[in-house]
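First chain A sits with chain B, and in the next complex the same chain sits with chain C.
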Partner chain A sequence: MGLRVALTGNHAVAYAVKLADPDVIAAYPITPQTSIVEKLAELIDKGELRARMIRVESEHSALAACFGAAVAGARTFTATSSQGLLYMHEFVHWVSRARIPVVMAIVSRTINTPWNIWPDHSDFVDQRDAGWVMSYAMDSQEAFDLTLQAFKVSEDPSVYLPVMVGLEGFIIGHTAMPVEIPDENIVKEWLGERRQPYVIDGSEPLGLGGLTFPEDTEDMFYHIQEAMNNAKNVIKKVDEEYGKLFGRKYGGLVSCYNCIDAKYIAISMGAWSGDLVEAVDKLREEGYPVGALRIRYYRPFPAEDIWEIVRNAKGIVVFDRAISFGAWGQIYTDLVAGFSLYTNKLPQMANIVAGIAGVNVISEDFYGILKSFIDKSESGTLERNYFAWIKVRR
Partner chain B sequence: MVKVVKPPRNDKLPLTRPVIGVAGKTGLWRNMKPLVNNVKCTRCYQCEIYCPVNAINVEPETGAMINYDYCKGCGLCMDVCPSGAITMIPETGE
Partner chain C sequence: MSKIETRKLPLPHDARDKLLPGDAACPGCPIPIALKVVSAVFGEKAILVIPACCTSVILGTYPGQAIKTSVIHVPFASAAAVASGVSQALRTRGIKDVHVIAWAGDGGTADIGVASVSGAAERNEDIIYIMYDNEAYMNTGIQRSSSTPRGAWTTTTPTGKIENKKDMARILIAHGVPYVATASVGYPHDLYGKLQRARSMSGFRFIHIHAPCPPGWRFDPQYTVRVAKLAVETGLWVLYEYYDGKLTVSGPSRPYMDPAKRKPIEEYLKIQGRFRVITDELINEIKKYVNENWYWITKMSR
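So, the complex of A and B:
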């Protein structure tokens, strides 16, 4: 029923935004995000998208412009990467704490310095405490689907939080694959009209973000935490609906590959999960009972969903493509904290930090790391859980 | 089009609506009091525009009227008045 076209991840995001029919787009160019808003500008110019493109002088202004338009009742979108995301960070908090639905694509790129345009997850995971729902795609099709679903999740009254969709620059952002674009009318009916908790359009005097006493402020933040919990169910419901309407269902906050009978489970997020799946296939051929679990939503963090899947596993290897300097990979940190709420005995675990600064990690690397972990675990030589930063050089 | 739909649990939102005097009658803070000479007043509205607490109302008939319940006596109106129609006198509390 849909149209299949070859799209880069960035163009897939742009076409998903087009289908969501936004009113306002504001962005500042930055590699590797730029081709998203270039495509949107082109669609506006051709008259295929009726939206206002606000050209701004910085990323801080880009999100501020989207925020202002969204408060006034507009469906809005912006996209950025790395330094741009860091520069707009103040408004990242403004939008979520004001409970205003906005959708933003993050085309991941390593944070400076030194100057680097290759992808790791450092820019994306850096936003984890900001109160945005955060999803991360594995390929162009998923980038498309997550972007379209982001509008639905963001504008759900039990959520009312902005949503970030992550995808790796170049690896996904600039390589093409066939992407199915669903029918415009079905999308329109499914997505419905823009919804938000309040509108400031001049029709009544209303102030936003005025000085508020600590107790009331704390209540508002507590409600953001509750909205995050609600988001878990909304995301699953949206995934189900989307699957029924458009034929692609991913499994909610996480996606599993060969997990059911797996004794060992590898956990990852983003593009390299494809390489991990290839490694799992090869290990399965050799008789290793291993599966791959992919995190699709990083906030709200799906600790409970993951625990349900891995609770009977003997060992877990967590791959992080970012590092919290002085600590560990961010996903591992969240997982261990999350698991500790469901058990007082953690399974055997390893945290592998790799692919930092865009270093290419391929299926052979995953194969070697997993095989070594499983062999040690099976032979009883894995004395304790461990962390390792593996620098792949070839 | 946009539809305003409240969150199901009626979440607290960071919104404020204008109300009069939540801090009480702030005129009590005043130690200098503005007096208007409405013969000199040209109804230019400068004092009404500049008053930081919205306590001045200029009408064509009456000239500048100061709401002493909320005027804190900052003297800005005297500073911006181009015709010298406002003077500040010590507050006696009467």
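So, the complex of A and C:
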């Protein structure tokens, strides 16, 4: 099997990119993403990575350069965070609507002002309508695996969409853990050559993105929705293949912990899912029938998969580490909308927004929130579903 | 350096094989004139990267395209960055005979795109950047850009622009790129020669084409070339090339190094409706600007 080394989440992403053997990397520095591209620059400098690196003058140009290179037949990668992601947002849409495979890592950091470099999910979920396949890691190993798999999913002919891989800055990005790096040759064979729907390299005159009337444009966008649906199966297939080849299978778009017999299920995404699992363990010890479900892919949104798991649950607590100001957490919003397609009667639900702007939420916090929800539900005092923004202070 | 004489080259007759009839340009539009010369030089072995500009519309609607060359339409601020990516990908893939050309207007170059132009120039990306300068946002309906000349009416400067035109060619010379040239649709042979020279070189090459716009500048569509030539003959627009650390005034502009040979600036201004609101005071300011520009060019060409 592969090599086990201690890697931060950011370096894990960089080594996954190295194994994917990209042709062109373009990036612009921003905390907390920077150590990904620093590592890639070092690998190129040492001759361990043959990619060309374009040190662009902005994030807008970073994704623009990746787009140009990808259109011309190159496997490409970029990474950014927070303000950088917002600055390139125009191009985030452009790339997916052109159906061009590109992989990008998002090392999450809250959105400013005020200046704040700590993580929440607000930068990542802000991209949810942009037509990218969006995955989110829980630890460095998963950041590595998702990054490598992103190239495979992105370049699948039934998908042909860009893929972004999210991981929280500092908590994952800058914290080392043992990461297994698979064998280069097996990866190479599994990933294969670059695939994309068209190539513009001057070998024949070809136009991309010219003025298009509404009916044709709508048709193109409709195909993106279809590709998103296809992506669900591709993600599961890639997860299976990867599990067989490299020994790590996560379960597809979601990952479950003690869900099978659970009467109550907590839903989350990202690093704090680890703390949530600790809380679930403690509650189980105390006899609470609770499980944890983790969203690994935010787009395509796995509403159907989640519904299959939670349909018999009495109560669901959804933890969001981002807020749509004036509404609720984005995962909760998507879940309720998704569930409404499968049932006329929603389970008891609560939406907890917490950990905003990098506020630290620990397993004791999850424990208290879940215990309170379950106690109320069991005693019949939970009158209706509720939303709460819980500001943890210690 | 290449010994291409810019004045005497004949234009090939097959330019229309690449730039096809039936584009969506306004009558008298300078863009097809310039694109014809570009396609005469590069044929199908070019990839045009085009941000939001008149050309986005002129090239026609999906699934058709009025040019038999590869085209990538891109967001407003990104032509130089996308072209950088395309160029790097082609180099990685070992493709050497295809030229990557960013083709952008003055807004996409001097305003919203200036950071990406500067970035690509500083990195000396292997691309040819062509700025066709119709001196305002024409596609959106004649709004002022930083490349609009002083005194010109636009829909956002109803009493005329107060500031001088931003000089992109000079800005690119300051970047130390291998090749910078100014050109005009009034002198297609000169442009042809400059494109040939750019084609023979590598690294970041910048060509700034003066492109009079009949509806935007308020003149009769039959006078596009006349207006373009008057800009040169009055000395307001100067054709030159800069490479190997040396600036050379091009043939059509050479006579006007002598101020006495220049036509009165009023001849250029009065043919265009956009300068109808101009005052005598402003005309004097423009004359001063012309003199200062020539002073710099003359100094640079020594």
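In this text, the second predicted complex is superposed on the first by the 394 of 394 C-alpha atoms of A that agree within 3 Å, B and C clash if a C-alpha of one lies under 4 Å from a C-alpha of the other, contacts with A are read in each partner's own complex, and residues count from 1 in each chain.
Just so we're on the same page, a residue touches a chain if its C-beta (ideal position, glycine included) is under 8 Å from a C-beta of that chain, and two chains touch if they have at least 3 such contacts.
Computed from a predicted structure; not experimentally measured.
**Q** Aligned on chain A, chain B and chain C: do they clash or fit?
**A** Aligned through their shared chain, the two binders clash on chain A.
**Q** When the two structures are overlaid on chain A, which partner does A:E90 contact: first (chain B), second (chain C), both, or neither?
**A** The second partner, chain C, only.
**Q** With the two complexes superposed on chain A, say which partner A:K391 touches: chain B (first), chain C (second), both, or neither.
**A** A:K391 sits against neither chain B nor chain C.
**Q** Quick one: is A:A227 in contact with chain B, with chain C, with both, or with neither? Answer first, second, both or neither.
**A** first
**Q** Contact-wise, after the overlay, does A:R4 reach chain B, chain C, both or neither (first, second, both, neither)?
**A** In the superposition, A:R4 touches no partner, neither chain B nor chain C.
**Q** Would you check which partner chain A:R99 touches, where first means chain B only, second means chain C only, and both and neither mean what they say?
**A** first
**Q** Touching A:G73 in the superposition: chain B (first), chain C (second), both, neither?
**A** Both partners, chain B and chain C.
**Q** If you stack the two complexes on chain A, which partner ends up touching A:R311: first (chain B), second (chain C), both, or neither?
**A** In the superposed model, A:R311 contacts neither chain B nor chain C.
**Q** Considering only touches as defined above, state whether A:P205 meets chain B (first), chain C (second), both or neither.
**A** both
**Q** Figure out whether A:S158 sits in contact with chain B (first) or chain C (second), or with both, or with neither.
**A** First partner only, chain B.
**Q** Looking at chain A, does chain B or chain C touch a larger number of its residues?
**A** Per-residue touch count on chain A favours C.
**Q** For chain A, which residues belong to both interfaces, chain B and chain C?
**A** On chain A, the residues that contact chain B in one structure and chain C in the other are 73-74, 204-210, 212, 216.
**Q** Mind pulling up the chain C residues that touch chain A in the complex?
**A** 44-47, 49, 56-57, 59-63, 65, 67-75, 77-78, 80-93, 95, 97-98, 115-116, 118-119, 122-123
**Q** Could you please specify the touching residues of chain A with respect to chain C in the complex?
**A** 23-24, 26, 51-52, 54-58, 60-62, 64-74, 76, 90-91, 94, 200-202, 204-213, 216
**Q** Please name which positions on chain B make contact with chain A in the complex.
**A** Within the complex, chain B touches chain A at residues 1-9, 11-18.
**Q** Would you pull the chain A residues touching chain B in the complex into a rising list?
**A** Per the touch definition, chain A meets chain B at residues 73-74, 97-99, 157-158, 160, 193-199, 204-210, 212, 216, 219-220, 223, 226-227.
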